[in-house]
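For reference, the structure is listed below as structure tokens.
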Amino acid sequence: MENQSTDATVRVRLSRGPIGLANPIMLSQSQTAIAGAVMTFRGCVRSSEVDQDRASKPILGLEYEIYEPMTSRELHRLAVQFATKFGVIAVDVEHSFGFVENGECSFVLQVVTSHRREAIAFIDEFIDAMKRHVPIWKVPRWGECELSS
Amino acid sequence: MENQSTDATVRVRLSRGPIGLANPIMLSQSQTAIAGAVMTFRGCVRSSEVDQDRASKPILGLEYEIYEPMTSRELHRLAVQFATKFGVIAVDVEHSFGFVENGECSFVLQVVTSHRREAIAFIDEFIDAMKRHVPIWKVPRWGECELSS
Amino acid sequence: MRSTSTNNEIIGELQVLVFGPQARTVGTDRMKLGKTKFPITADALMSRIVETYPNLSSSIGVSRLAVNHEFVESNSLINAQDEVALVGLISGG
Amino acid sequence: MRSTSTNNEIIGELQVLVFGPQARTVGTDRMKLGKTKFPITADALMSRIVETYPNLSSSIGVSRLAVNHEFVESNSLINAQDEVALVGLISGG
């Protein structure tokens, strides 16, 4: 857990429910001058999930749980770590908590770099690390009739 | 130049001048059901370019030249080729021609896939191939006073 | 957290937060481990969790403990006043 | 395209489209190669281009010919009525 510094603009947000189209990252004039690549990744909820028996079953959506403030802290820590590694200009991370219906998006990652390769590497490695280290859980809300007897 | 077919929705456009925020790709209901990853790459004009002497010099922007209909055809051919390779759901390619001022964007690539890895691989390989095969040229408009004697 | 102290040794109930699919598995979001001797290492606590909640045995291997919102190593010591969370089966994105 | 035919051999001026930095280098977007014998291979045409426009010698190695809007192999034959373009120093994105 080394202490890292970066010149990158890093923003992390957790939002209740689905995330609409992300607001573009605002850049300063000096950042714009060197910003050659802007990449956005949106993770969206598909209409089926694999259940415990490895069968694909229809879902209504996913319920996301977080553990604040650890979730925000880990997202921020990883954003700074990989922004430093790849010389990123700015990064914006937004993740949902609560229910996200299928067809909607639960995760938006935006990154601005000088060149394409750093942007691609940042997105790839950040998401890998997020899936290993950031306390975010999803629970499917299955699409079949739930008995309300 | 094999004849390839794909189920992907492929759209290619060439636009005069800078490209604003891209319109999101419209998906059918069956496409939305399996769309887990939406990636957007924007290529933007930086405020300096390397000149013939390998020195970095300020520019006002870049003048893009195309060679129609070959430019569109090659973009479409590559989009179909890599969409097929990576099982892409939908892809949208937009490239500028004419003058694009620095700070503005000249290229927007959007791709929709089921999972992140295919989206990243598509963007990486498509852009590599574009830079090798698609007839698009850029000419810097240098930022220094041009003598108009 | 109720605890009793004897000769510098604290014995008490430890609550461990649990989330997502694991919380569904154990039927609570707050596991209770009675008569825990503090300090306890993370490793020893993991063992006690599985003993007490055997349904977690299939997922404990991919789980880590967070103490006061930071991941800890297996030999870290956990004290009675710490906030402890089981972080397993995470799946952001 | 003006051309004269003698014994199935066509001799004429070939125009080759050129773009971007290479067009700036040669000072035109339409290179003219007089007295070209058709058909001519892509390879032979490349040689003639460099002979006629020696300023292109540094970039011809990264250039290809497109005939009727498709890239061609080095041994492809180019005829008098074909539209020919030099595609080099491209840099989309």
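By letter and in written order, the chains are A, B, C and D; residue numbering begins at 1 in each of them.
Here is the rule we go by: contacts are C-beta pairs under 8 Å (C-beta built on N, C-alpha and C of every residue); 3 or more make two chains touch, one makes a residue touch a chain.
None of these values were measured; they are calculated from a predicted model.
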Chain centres computed over CA atoms; the one at greatest distance from chain A is chain D
List the centre-to-centre spacing of chain A and chain C in whole Å, with centres computed as mean CA coordinates. 27
So how far apart, in whole Å, are chain A and chain D when each is placed at the average of its C-alpha atoms? 50
Touching two or more other chains, which residues of chain C qualify? 93
Quick one: which residues in chain A touch 2 or more of the other chains? 43, 116, 127
Under the stated touch criterion, can you name all the chain pairs that qualify? A-B, A-C, B-D
If we count contacts the way the header does, which residues on chain B are in touch with chain A in the complex? 21, 24, 32-48, 102-103, 105, 114, 116, 119-120, 123-124, 127
Residues of chain B defined as touching chain D within the complex: 1, 43, 65, 67, 69-70, 73, 95, 106-107, 127, 130-139
Over in the complex, which chain C residues touch chain A? Could you list them? 17, 19-21, 23-24, 66, 69-71, 85, 87, 89-93
